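Should a chain be cited, it is by its letter among A, B, C, D and E, assigned in written order, with residues numbered from 1 in that chain.
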Amino acid sequence: MTAPPVAELEEAVVLTGGFPVLAGVTLRLEPATLTVIVGANGAGKTSLLRLLGGLDPLSRGRGVVAGVDLAHGDRRVLRRRVGWLGHEGSFYDDLSVEENLHFACRALNRPFTDVAPALARVGLAERSRTTTRRLSAGQRRRLALAWLLVRRPEIWLLDEPYASLDDAGRALLDELLVDVVAAGATVVASAHDPLRTTQTRRTLTLAGGRVVAAS
Amino acid sequence: MIATARLVAGKDLRIEWRSRVLLWQVVPFGVMALVLSGLALGPTRAGHSSAGPGLFYLVVLLVTLLAINRSQAIERTPGTRASVATLGLDPGGVFLGKALALAVELWVIGAVLLAGTVLFLHTALSGSLEAVPSLVLTLAALAAAGTLYGALTGEGAAPTTLLPVLALPGFAPLLIAGERSFSAALAGGSPWEWWVITLVALVAYLAVGVLLYGVLEES
Amino acid sequence: MKLLAQRLLGPVTLVSMALTIWLGLVVTPPDKVQGNLARLVYVHPAVAWVALYLSFGTATIASVLYLWPRTRSATADRVAHSAMEVSLVFIALTLITGSIWGRPTWGVWWAWDARLTSTAILGLLAVGYLALRRANDDPELRAKRSAVFAVLSAINVPIIHFSVLWWKTLHQGATVFTANRTLLIHGIMAWTLLISFVAFSLAYCWLLRARYRLEVARETLGARAIDDALAARVLEGRS
Amino acid sequence: MIATARLVAGKDLRIEWRSRVLLWQVVPFGVMALVLSGLALGPTRAGHSSAGPGLFYLVVLLVTLLAINRSQAIERTPGTRASVATLGLDPGGVFLGKALALAVELWVIGAVLLAGTVLFLHTALSGSLEAVPSLVLTLAALAAAGTLYGALTGEGAAPTTLLPVLALPGFAPLLIAGERSFSAALAGGSPWEWWVITLVALVAYLAVGVLLYGVLEES
Amino acid sequence: MTAPPVAELEEAVVLTGGFPVLAGVTLRLEPATLTVIVGANGAGKTSLLRLLGGLDPLSRGRGVVAGVDLAHGDRRVLRRRVGWLGHEGSFYDDLSVEENLHFACRALNRPFTDVAPALARVGLAERSRTTTRRLSAGQRRRLALAWLLVRRPEIWLLDEPYASLDDAGRALLDELLVDVVAAGATVVASAHDPLRTTQTRRTLTLAGGRVVAAS
């Protein structure tokens, strides 16, 4: 009973402006696992996550994520199954915290009743009517987490999820990851700080746009 | 698709309502541009009323460009793209929604500008009112075309400056048709052949948009 | 067969061009009204035909082929790009030869006439296309966006054409062919005209091929540069 | 102050040179706008050459707005403001530098547009050439004024749409003066009184800019 | 021999859009010290740093930084003496790494020869000709550090300086802070991660826009 891998890359190369941000990555991600990507600044962590999420095109090599071929398939189908937490906030700055989540709910056909618990869980209940533009760096991160909580995607791609979060926020995140992996989601996170969750996990080390170590 | 269109249109209109960019910035700009183009042509009154429709549509065009920029800027804040992409909205619906919101905005601005034309450029009131249906149609076509061109200039370098280059040639026939039917309305004629052009353009842009918007959004 | 055609393209183009020049400048008589200026008839219509129909058409068809998922290929994108660039050159030539002709005949370099205006707008569409290509550096996105823009432009061409046609007209109507395709001018002049069309069409094919090959060469060079960059990037990780 | 001005102007021009936004986007836009405004006024030839200067300056104005947007956008990338603020550049110098870079850009575009006017709007070649000095002056004044207004719209909400509203009334006198001296040049007259106005405006804007730019930059 | 304090705030209030991001902060910073500001997300750390750098105006209360009165003085004089490391990159995205530093050098009348060593120190020597837009998150941080190295300001305001940096980058930062404090500069940093430098330091805890603890 071997489930098919969630993602499989073979010598994947991604070029941006002619520069190989990924220079031949081969990897395999199993379902319901937590994978941490580490590596020096500029090693290609963000680029790898973007590739896995179908946000950037594959230039050479082969890759299949969630059954979608990265080179020839419809990456939009893939994106729909992915949750993304990037370096920057990811909302409509002029809408309030709550309105942003309502937008997501309607886009995903979820009931609005999911919103209030998600906000409470990430500690933004008191900021629900604040314009997103006014949030502090960490509050934006928390809003992004609330968005993911509402979405509950199959694949979670988290780019330095700890950045800007305070201790309570980090604890919340750890807890969340345990939850979602247990529920069958696949999580890939890049990190400079060691992840503190006790979840079993794999660590991939990137350097120069390639995987140089796996454990 | 229709649900997505309504969702997106609602979101865009709400953001506009919040920020009041239209009301406080684009409308005064349009009025100002009308006054200035009146000035640019010199102060003879007769000249104005005959050039009225042309100037009106020139200003409409400028205002449309601003509104398109704004409509695209909403989607372009850093990071927004990635998150919204992962919502997997139907691209045809997104296109229709953004075009609809833009059309609604343009209709509002268009009404104000039409009043400005009557006031500052002395076009006849009754003729101007007869031009309303053609104006509604033209603005809808501009909104559809503009949404497409806006998405085309997408994330590239300096989208704000690229947009006019791409959009203006495409807008030219709409401008001509609008101007002609406005002139015809002022002269009391029936400008149906211009309506045909506008309608054909509107349908063509809507069709292309629904079919190809997804291709443009792939980043 | 293919090879032979490739070999012959250049020489045949040159010969037909030379023939056009010889016939146009030496053999045919000057016009009664316009004098030697009428000889532009052997250049301007042919150039316009290439610009509007041949090259812009090629670019459009190639773009549609690119957008259709089954026929999507880098070749289609390259052809579209090359054809559009050549088209821009020929549109410019149309405008220039037309202006030169217009100055003595109409007394102005430019007039707001249907055909002239739509030609100018077409030229701007081509410029827009090239600007759009420059603004995107991800090859796939660039190909898709520019293909969509080419298709939009193509839809626009008839719309523009009709809108300016109903506007007002000054430009020469059908002088060479009437609606029922009977030839209005005769003898050697008609032959020269025909040969000029052939010559400029061939010149177009030749230019397109050269431009396409340049693009391929550029991409090959690019691929080699990418291999080097890949090696350098991998080394970066080792240090 | 002069050193700062040179530094800032060099930086702006280098960024322009890198991104080629001017060449590929603003210039075609200007040409297109000329063609369109020709169209908007209809095909009678006489109308064009008399309206030529007015339309030319209308287009110059639009192009200027685009160029100002671009010039300000450079400074507005997230975080840039804070860092550059801590460099403590002399605000007068920054103003002069940005205005100078903008003026250089506008001169280049202005030359192209003038050629376009001769071609498409049939203004007489010799008269158009005589208008060059006044054009140079007007564009410099527009650059100075534009830099000021650009800074005014600064970091507020949706600066791209706010700018025109503020700038247009300020530009109106420059536009009129430019148009008048262009018309006078075409008619063979000597438009010195318009030159005076433009020069006064230029000096005034430069003075205000050097003195008050610092106040505007305070965010 | 008590040197005058570098900064002194008394019941300082900062309003943005009517909301008190700082709700009465009183503090005193001595020269040549390292102060760390901690606090939950949204506590007001970024707002406090912006106030100290003269980037935001003081709404109520009193404040003097580097001899400049925050309420009535010329904040530009203050800014010139401050080095700022914010959440976001802080450069001209269309210029290369090197050109950005050359710009700073010319603005500050420093020789260009300072640039290469600074780039080498932060590990960006190989990216000196890359367009800043293309840098990874951590590399942008490093560029910001290089900029500060070239500047060597009197007052360093660092907003979560560790975010996005890899281990080598953090070690570099620690080292740098020891250096500059020893050389007499005053450093104020906000942080969620504990600072690992062995430098003696004060910690201020913010909550709800006020200082609630100091140690």
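Points to keep in mind about this one:
Basically, a residue touches a chain if its C-beta (ideal position, glycine included) is under 8 Å from a C-beta of that chain, and two chains touch if they have at least 3 such contacts.
Treat the numbers as computed from the prediction; the structure is a model and nothing was measured.
Chains that count as touching both chain B and chain C, per the definition above, are A, D.
Sorting all chain pairs by how many C-beta pairs they have in contact places B-D at the top. Taking the CA centroid of chain B as reference, the farthest chain centroid is that of E. With centres defined as mean CA coordinates, chain C is found 47 Å away from chain A. Distance between chain B and chain E, defined via averaged C-alpha coordinates, is recorded as 45 Å.
With centres set at the average Cα position, the gap from chain A to chain E is 30 Å.
Mean C-alpha position of chain C lies 58 Å from that of chain E. Annotation for chain E: residues 87 touch two or more other chains. Under the contact definition stated at the top, the residues of chain D that touch 2 or more other chains are 19, 24-25, 28, 32, 35, 39, 42, 78.
Residue numbers of chain C whose C-beta contacts span two or more other chains: 121, 124, 127-128, 131, 135, 138, 140-141, 167, 236. Pairs of chains that satisfy the touch definition comprise A-B, A-C, A-E, B-C, B-D, C-D, D-E. On chain A, the positions that touch chain E within their shared complex are 16-17, 19, 39-42, 46, 87, 123, 127, 134-139, 141-142, 160, 163-170, 192-193.
Residue ranges on chain C touching chain D, taken from their complex, read 99, 108-113, 117, 120-121, 124, 127-128, 130-131, 134-135, 167-168, 170. Residue ranges on chain B touching chain C, taken from their complex, read 148-149, 152-154, 156-159, 162, 165-166, 168-170, 172-173, 176-177, 180, 193-194, 197, 200-201, 204-205, 208, 212, 215-216, 218-219.
Chain A meets chain C in the complex at residues 13, 15-20, 23-24, 43, 57, 206-210, 212. Interface of chain B with chain D (complex): residues 19, 21, 24-26, 28-29, 32-33, 36-37, 39-42, 51, 54-55, 57-58, 61-62, 66, 69-70, 73, 78, 157-158, 160-162, 164-165, 168-169, 171-172, 175-176, 179.
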